[in-house]
Each structure stands twice: as structure tokens, then as C-alpha cells.
Amino acid sequence: MDSNKLMSMKEAVSKSVKDADTVYLAGFTHMIPFAAGHEIIRQGRKNLTLARATPDIIYDQMIAAGCAKKLIFSYAGNPGVGSLRCFRRAHEKGIPAPLEVEEYTHFGLSGRLFAGATNMPFLPMRTNLGSGLPPENELIRTVKDPYTGDEVSVVPPLKPDVAVVHVQRADASGNSHIWGITGEQKDTAFAARKVIISAEEIVEESVIRSDPNRTLVPDFIVDSVVHEPWCAHPSYVQGYYDRDNAFYVEWDKLTKEHESTLKYLDEWVFGVEDRSGYMKKIPQSKIDSLKPKPALSAPVDFGSV
Amino acid sequence: MDSNKLMSMKEAVSKSVKDADTVYLAGFTHMIPFAAGHEIIRQGRKNLTLARATPDIIYDQMIAAGCAKKLIFSYAGNPGVGSLRCFRRAHEKGIPAPLEVEEYTHFGLSGRLFAGATNMPFLPMRTNLGSGLPPENELIRTVKDPYTGDEVSVVPPLKPDVAVVHVQRADASGNSHIWGITGEQKDTAFAARKVIISAEEIVEESVIRSDPNRTLVPDFIVDSVVHEPWCAHPSYVQGYYDRDNAFYVEWDKLTKEHESTLKYLDEWVFGVEDRSGYMKKIPQSKIDSLKPKPALSAPVDFGSV
Amino acid sequence: MGEFSSTELMVIVAARELRDGESVLVGVGVPNLAANLARKLHAPNLLMVYESGTIGSNPSRMPLSIGDPCLVSGAKSVCSMFEQFAYYLQGGRIDVGFLGGAQIDKYGNINSTVIGDYKAPKVRLPGSGGACDIASNVKKIIVITPHEKRRFVERVDFLTSPGFADGKDNWRKLKLQGGGPYAVITNLCTFKFDEVTGEMTVASLHEDATLEQVQENTPWEVKVADKLERTLTPKQEEIEALRALDPERIYLR
Amino acid sequence: MGEFSSTELMVIVAARELRDGESVLVGVGVPNLAANLARKLHAPNLLMVYESGTIGSNPSRMPLSIGDPCLVSGAKSVCSMFEQFAYYLQGGRIDVGFLGGAQIDKYGNINSTVIGDYKAPKVRLPGSGGACDIASNVKKIIVITPHEKRRFVERVDFLTSPGFADGKDNWRKLKLQGGGPYAVITNLCTFKFDEVTGEMTVASLHEDATLEQVQENTPWEVKVADKLERTLTPKQEEIEALRALDPERIYLR
């Protein structure tokens, strides 16, 4: 086990993401690893099955770029704004290519990840019954409760080939502190066969070990570690930056046509080398405006003997 | 909802614990709420079903005192020392009264609590098959996996009537920060109908709200809050005190006979008013020797806008 | 309605339905305003829970999305997405959930998935998100929606989130732990649900709205409660408190 | 055996079975010594996991119990008890697990529950704890046990933790994800398991122990590996490193 797994996003994607993989970029509208999505687009991956509870703008971009053949999801909207136009264009009209969908409720999809992470054979849950979703998705099944005799809805584990999980801080071997809205980050990392961690900051192992309860992803399930500040822009990272909400609103206009979307990708994805190239295109005043005032946690004492 | 739930352990036990209840004192050999067990003994509760993964010394005492009719557990030993003699005397010889047992593996019991906490109909798990436990416990059943056709072991939810959860710090309404070995504390609180929180320290709500990821138990599921320093002695509390290991070793000798056990209870449980009375009997030099050197966590930034 | 918009009216009426001490699963936008308004007015101990896993949030601004870090800063507790659905919703810990959607039928079934056919959609909507999970597990579902004919339909194109199915008898057979739909609040009236049949019933008319107006905008023959009430006009205090919550009028259009 | 006790011998032999980079579910006592010894000698990247939910522990003393806070101070990660069993063990993330027990049979089935009848026990033992879960889910089970006739039995009184059931064919039908028993280390020898039948087989004799001694202390006719080995005598370096781990000789009696 190599304890230093630091590499660039380019290397990490090249090493771990193959055509036709099932890919899960984690983050429940918080800490979305945009930089990883852009790198996957730049490297021209095809026929991916993209899984995410909330596809958000990042999957809209990957769909427009032609990376995806299928979407596994639970809420395909532009959060707080409206539709994801590229997703709709692909699914409704086959532009740039037809997009298959496999759809769950949030509980169903996060439950599939939990079952994947914990290798449960299947997960019984109090949802789905009475909804129109199960008839459209043959993976949502029922079993008979051996205690009550009732019919219970179940979902199978989801085990992506690759997960990308963005975190606030990690050490060089991948032990990761995550706070704020922790979404499906831990479950995605444990469910996946290969894990790429991208981090706002790389810290000494001693910082991680000073607070092991905060470590949601331990290094031994991590394959690559990428130091990628601002990885999640235009989404937010607790303690680091706010959402660039103007961009979320603008995306709705940028994507009115497939052609205008490609123009955006040409400039902001293909037109830059990497995330630092992308950030150089953003005015400093905008960057400054996204930085929050600090609000430090009260420390706790991990002393034992 | 009363936001100040502070009361004495005497009041909390009197209000929440009834004869014949199923009681779960949480803590996986760490942060065991001994003070609550002692108060239940002092108040003479009878016919309790005692549930705990590791009954430990506290349930040995409650069994010797005649509080229990049944034990739900997964490992009935004196951790690091050997047997629980009072448990064995009750179960093997009916002294002071016969003790029914309902037994699981650790995964099975913690799984029952998790299912209780999350109100899952039942929990499928990769254990139990091939073991002699299921034939002796009709609550461990099987279902057919609707994806593979395999037989899968399942356990039902466990929903205790009362949970006592000891924590490092809580506010007056019961929001609780827990760190170190978090065991089954969260699951026990969520699974139970009534929750008593006991805390080493009562802190301002602002301390809790400075680090919401650390809050494993939110106030709205809490009924009573007890400020009870040293509640867990002779077990340990991360950052507060070490285990009084000499006592764990001594317990093995103290309990050689039922009579010698009762003598202990007379002096240390019935002979004191409350936990502070109990602590007054312990030499200051012993107390000092149990205090750890501080090891503070690195802070994190919860700033947003 | 002179001094307040129809959105303001709906938010104020919704806020009044919330009781102090209840736990509410809040969405962004209008439900967020209703919950925050109730907290300021008559329900200071209302517990605000978001499906992103934040408990007891105290947001310093209108959250931009369900995952806004402002829902975490100063919150009581935060857990993962799966834990939110498992411990809180499935755990039966949530009293009230707000839902919206493109279509609703007379039993409170909601469509937020697709207009047209599922496999060949005319308009693909975002989908359930947590809506079906909320509908299945909270004690009271409250829906806030403009009263338009395209939204109130005989039969939803797709049943995303169950209301009382095709009537309360069949709904009971589903054995959902939730209490089902509780109120539908429109710009014209508040519907509640018949205890026996589970059918939507006009309980209270807002301002100068008439039963005729309600019927005109509802494609089925509307049932009316035995004691039809007249909704109290929003008070100045309510309007001012509400506007202070959304000073940039992002949602109060 | 002059310069080291039989416990020291067993711990040293067990430590040698651990590979660098493996994840090991460690119990307190002797397994904890073996894992820590391996880490000091040839496996610096051995990941120590405890069933109390600590990952990558770095204990400053011999832990007093599985819940000792010294397993947390300076650890890589900590999770709840259920999470440990769900994410790590059931998750298939653990390579090696140590088990012990009062009785073991020739297929590596272990009893740590009861001597005598379950319903009318002669001696009630602590029970499974995590043992059955570990046995069902780790890639390699290692057992360290004194070689005594009362421990090696034809048939365990109670089957707490499955080894290869009553032979590998029937074990396969259980579809456990774990790899089953890997080694049983006694004061006389190391047993491994026949790849076809799953039966315990003498793989290596320690020091001056003989097959006759092994047979005398084992109630069934022992199988012997085709290439029977002689265990390397503990080196001074191994003995010293081990004794430094338990200076008060709590476990190294």
C-alpha cells in the first residue's frame, strides 16, 4: 500500500475512469467535484453510466459532451433554478445521443449506495409502495416481511466502478475529513471499486489523527488523492466558498441550445488545461465574494491515558 | 417542547423507567452509564428486560440486585477480565432469580438497534448462517433474496422502552456531542421510546451549534437531561477519565458469592444518595490518576456566508 | 387582493398550519418561507429539517439549494443523506412535510416526474427526489400550489408521490406509516381531506374567492366541507414578517 | 522451550502470518500483541481495526478492553459499532480476523457460547460477540489456542462461529463471503486447512514438538500436510520486540 497517493486530476482520471464505467461523483448539491467531471470530458470518456442523486449542472455538462449512455438518479433539476436542459434534450430528443434513465426516490438511491457500501444483499425500505416508480424500474422489488407478512419494497446494492469524492481536507494517503452536509460521500466511497479523493487542502496525517471521528473516508479504500482547490466551483464547500449562484442561473440560459452549450464547454472545459487554468479565468473579485467568514468549531478532547 | 430538560438522575429514572420495561444503557465498553444503573437499582425496579451488546459490570450488578427477568445481549463477559459471575449465577443457577436470555452476534444486536432506530421492517445481514444461534432464537429468521434467490439471515428492529445514553457534553435541551468510540449510542437513542441523556458537562447551545456534525443525538428525541460528571466510572470516557481497571479486576473477586455481591451493593449503591455521594467515597488520588492528558482536535471551519 | 400577492397569501396560510414543537421537513423556496415565518410568529420551537441532513437549521439567508452550507452553520445536528431518510423520515420522526408538483389529483396524489408518457415524455420533470419518501412517512403532507386547471387533474400522468391512492380504503392496504395528505393550499382556498373517503374537500375560502371560482379551476366536482370557513385575511404583522424573510423577493414574486 | 514461553511462541508465529498492507480485525489480548508485533517487524502498514469501530489505531498501551479510548487517540478513523460491522466486516474490507474460543473442531468451527447444553449450561461462556460475524466475513480466520484436549474436540458443544461447517462442500452452500479458517496456531504446531475437504492439517511443527504429541492432544486422527515444515525458532529480535509491547506481562504469562 503506497501511503503517498498524490497525483493530478488528469492522472487520477486517466488511471481510474474507463469507457463504459459506472461513475459516481458524490455531493448532495454541496462539494460537487466539478473539476473531475471536466477532466472526464476532456479525456473524452464514452458510454459512461452516470450515477448521482442530483445530477446537477456537472452531469448536464457531461451529458452534453456525449460522455453518458445512461443516468441513474433521483432528482434531475437545476437546484433552486429549474430544469437541466441538456439532460432533458438527451432524454426527450436524443441530442447529442439517447439517454437511458434508471430512477429512484432519494431514499431509494441513497439506500442503494448504503447497501453497496455495506455489501447488504438488499435494503428493505418504507417507500415506493403506491408510487409509479417501481413499475418503471424492475430493480425495485418486494419481499414478504418474515415478521408481519406485509409486502416490503427493497432495492439492490449499487457499486459504482469509480467514485470521486471531494473533501475539505485529506492527508496524502487519503484519510479524509468531511464536514457540513456530508450527503452520500461516505457511502459512495465505500460502495465503489475505485476511489478518487480530491481535497481543498492536503494536511499532515497528524491533523487527521487529531480527530478520527471526522474521518469519513479512511485511506485504505482510496486509490488516488488529488489536491484540487476550488474543485467544486460553482457549487459550495462549507468553510471554503459559497455557491456561485449567478452561474447556476446563467446555466439555464447558456444551455437553451445544444450549440450554445458546446460553446461553453469549448471555452471552460476544453479551453483550459486543468482546474487552475479554469480558476484563472474567473475574476478575483468574484472569487473574493464567495469566501465566507470563518466560524470555527469548538474543540473536543481526545485524550485517553 | 420544553427546552430545559435538566433534572437529577433520580427524577429522570423515576419519570421514565417503569417495572417490566425494556431498558438499554448504551456504551460499547466506553461511556457506560453506571450512575443510571445504580439509580434503577436504588429505586427497586423489577422484571426489566435488560438489553446491551456487552452487559458488562453494570448489568451484572442489576441482575444481582434482582431488577432483571431477561437479558438481550451479544457478549456477556467482564471485558478484559473474564466472566460476569452474577449473570452466570442467575442464568445457570437461578440466583437470585432465573434469567431468560435472548442472544445475538454483535452485528445482529447492533443491527437490531439500527433497524429500530431507522424503523426498518427488518435487516438482512451476512452473518448467522451456519451458526448455532438461529436455532436457539426464533427472532433470527431468513428471507429469500429477490435478486439472487439466496437465503439471507434477517433480524427484526429492537425498540427499547427507555434508553440511557451518556455523552461528553450536551446542552440543557439534550443536543449531545459524542466522540471517541461512539458505539451504539446514536442508534439506541433513536430506537428508544424515551431517552435519558446524562452528560459529563452541560454547555451552552452555541457550543453544540458550533459543530453540528458532532451532534449524534438531537434534542427533540430526548426526554430528560442529567448533568452527571463521572457517571461512567468505573468505565472510561474519552477526554475525561480512564477506566478504573483495578475495579474491573476486583469485581471478579467481589462477586464470587451472591452474598459478597450484595455487600458491595449495600455499600456503594444503597449506601449512597446519588453519584456525587458515590464519588465522595473514592480517594482523590484514585480520581486524579484516572485523568488523561489533553489532546485537542484540530478545529474546522463551519463558515458559510 | 390588494396589499399582498397570491404567493404571500399562500405562504401565510401555510405558516398558520404549523404548530409549535412540530418537526417539519422543509424544501427550498416557498415551504422554507412558510416554516421560517411560523417560527417567527407562533412556533418558535418549530424544528426545521432539510432532506440534505440538517436538523434544527437556522439559516442566515434564503438557502440557494437544499445543500446550502447556511443550513449547517449554527444547526443543531447534521447527518448523511441516507441517515436523514432512514433515521428521521422512515424513523417516523417528522410531523409535517411540504410537497409540490406539476399535477395533483383529488386524492392528493402528486406528479413531479413527467408530463406525457414515462417512456416518451412530453416534458421530463426533475422526478421524486425525496417527495415520495416524504409522502410515505410524514404525519401530515401539506401542498402549496397555484390553483390552475393544468395542475389540478382528474388523473396524474405519473404518480410520483402517493396521496390517498384511489381512495382511503386502498391507501390503507399500502400500510404506509405516514398520515397522508393533510392540506392543499392554493391562491383560492385551503383543501383538507375527507376522513372516510380521503377526497380533497374545500375547507376554507381565501379573501373574496368563491366556490364557483374553485370549481371552475378544478376539473372534478369539488366536495365542500360541512362547515365551510372563510380564511382570515393576512395581518399586517404576518405580511411584514414574511417580507423581511425574502427582502430580495426571490420567491415572493 | 527455554528462552520464551509458549504464549510468546504462539504470538510470534501468528505475527509472521500477517502481511504488510493487510487489514486485521484485532481483539484485545494475544491477537492485539500479534498484530502490534507484526507492525513493528515486517508489516508497518498493517491496518489495525477493532470491533469497537476504530480504524488504524495506534494504541499507546495494551488496550484494557475493545472500547479503550487509547484505540481512538491518534487513530485514522472511528465509526459506530453497527457501522464497523456493516461497512468494514460485511463490506468485505477486512483481510484477517483473529478468533479464540473454548472449543474448536477439525473443520475450524468454534464454540465460545456454552459448555454443556444451551438451555441448561454447565458453563455459560460470554457468547459470540463479533466472532460469528468475523468468521463469516473475513478472508482469513486465524485462531491462537493452547493445544489441549478439552479445546480440540470431535464436535463443539455449540457452534458459535462457523469454520468449514462439516466439510467444505456444505460450507460453500452457506455462501458466506469470508474465506473461512486459514490457520490454527497452538503451542505445538500450526494447522492449515485442506483446500478440498476443509479439514485441519498439521502444516508446521514448532520447536521440538512431535506429530505424536500433536496426535495425543487431538481427539481425531490428525491429517498431516504433504510437506510438513519445521517452524523457525523465534529470533531474539522477535522476542525482544514482543516483550516491549507488554512490559507488565499482562498477557505474556
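A, B, C and D are the chain letters, set down in written order, and residue numbers restart from 1 in every chain.
Here is the rule we use: contacts are C-beta pairs under 8 Å (C-beta built on N, C-alpha and C of every residue); 3 or more make two chains touch, one makes a residue touch a chain.
No experiment lies behind these values; they were computed from the predicted model shown.
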Report which interface contains more C-beta contacts, comparing B-D against B-C.
B-D
Between subunit A and subunit C, the Cα-mean centres are separated in Å by 29
Can you give the whole-Å distance between the Cα centres of subunit B and subunit C?
40
From the mean C-alpha coordinate of subunit C to that of subunit D, what's the distance rounded to whole Å?
57
Residues of subunit D engaged with two or more neighbouring chains
54, 68-69, 72-74, 78, 86, 90, 177
Multi-chain contacts in subunit B: which residues touch at least two other chains?
119-120, 125-126, 150, 179-180, 182, 213, 236, 238-239, 242, 292, 295, 302-305
Chain pairs that touch, by label, are A-B, A-C, A-D, B-C, B-D
In the complex with subunit C, residue positions of subunit B that touch it:
1, 3, 117-120, 175, 190, 208-209, 212-213, 215-221, 302-305
Which subunit C residues qualify as touching subunit A in the complex?
28-29, 51-54, 63-69, 71-74, 78-82, 85-86, 89-90, 113, 118-119, 121-124, 126-133, 136-137, 158-162, 165, 171, 174-177
Residues of subunit C defined as touching subunit B within the complex:
20-21, 23, 45, 47, 54-56, 58, 60-61, 68-70, 72-78, 86-87, 90-93, 177
What part of subunit B is in contact with subunit A in the complex they form?
119-126, 141-148, 150, 152, 154, 156, 168, 177, 179-180, 182, 207, 210-211, 213-214, 236, 238-240, 242, 292-305
What does subunit B use to touch subunit D in their complex?
27-30, 53-54, 73-77, 79-80, 83-84, 87-88, 91-92, 103-108, 110-111, 113-114, 125-133, 136, 150, 179-187, 235-239, 242-243, 245, 248, 292, 295
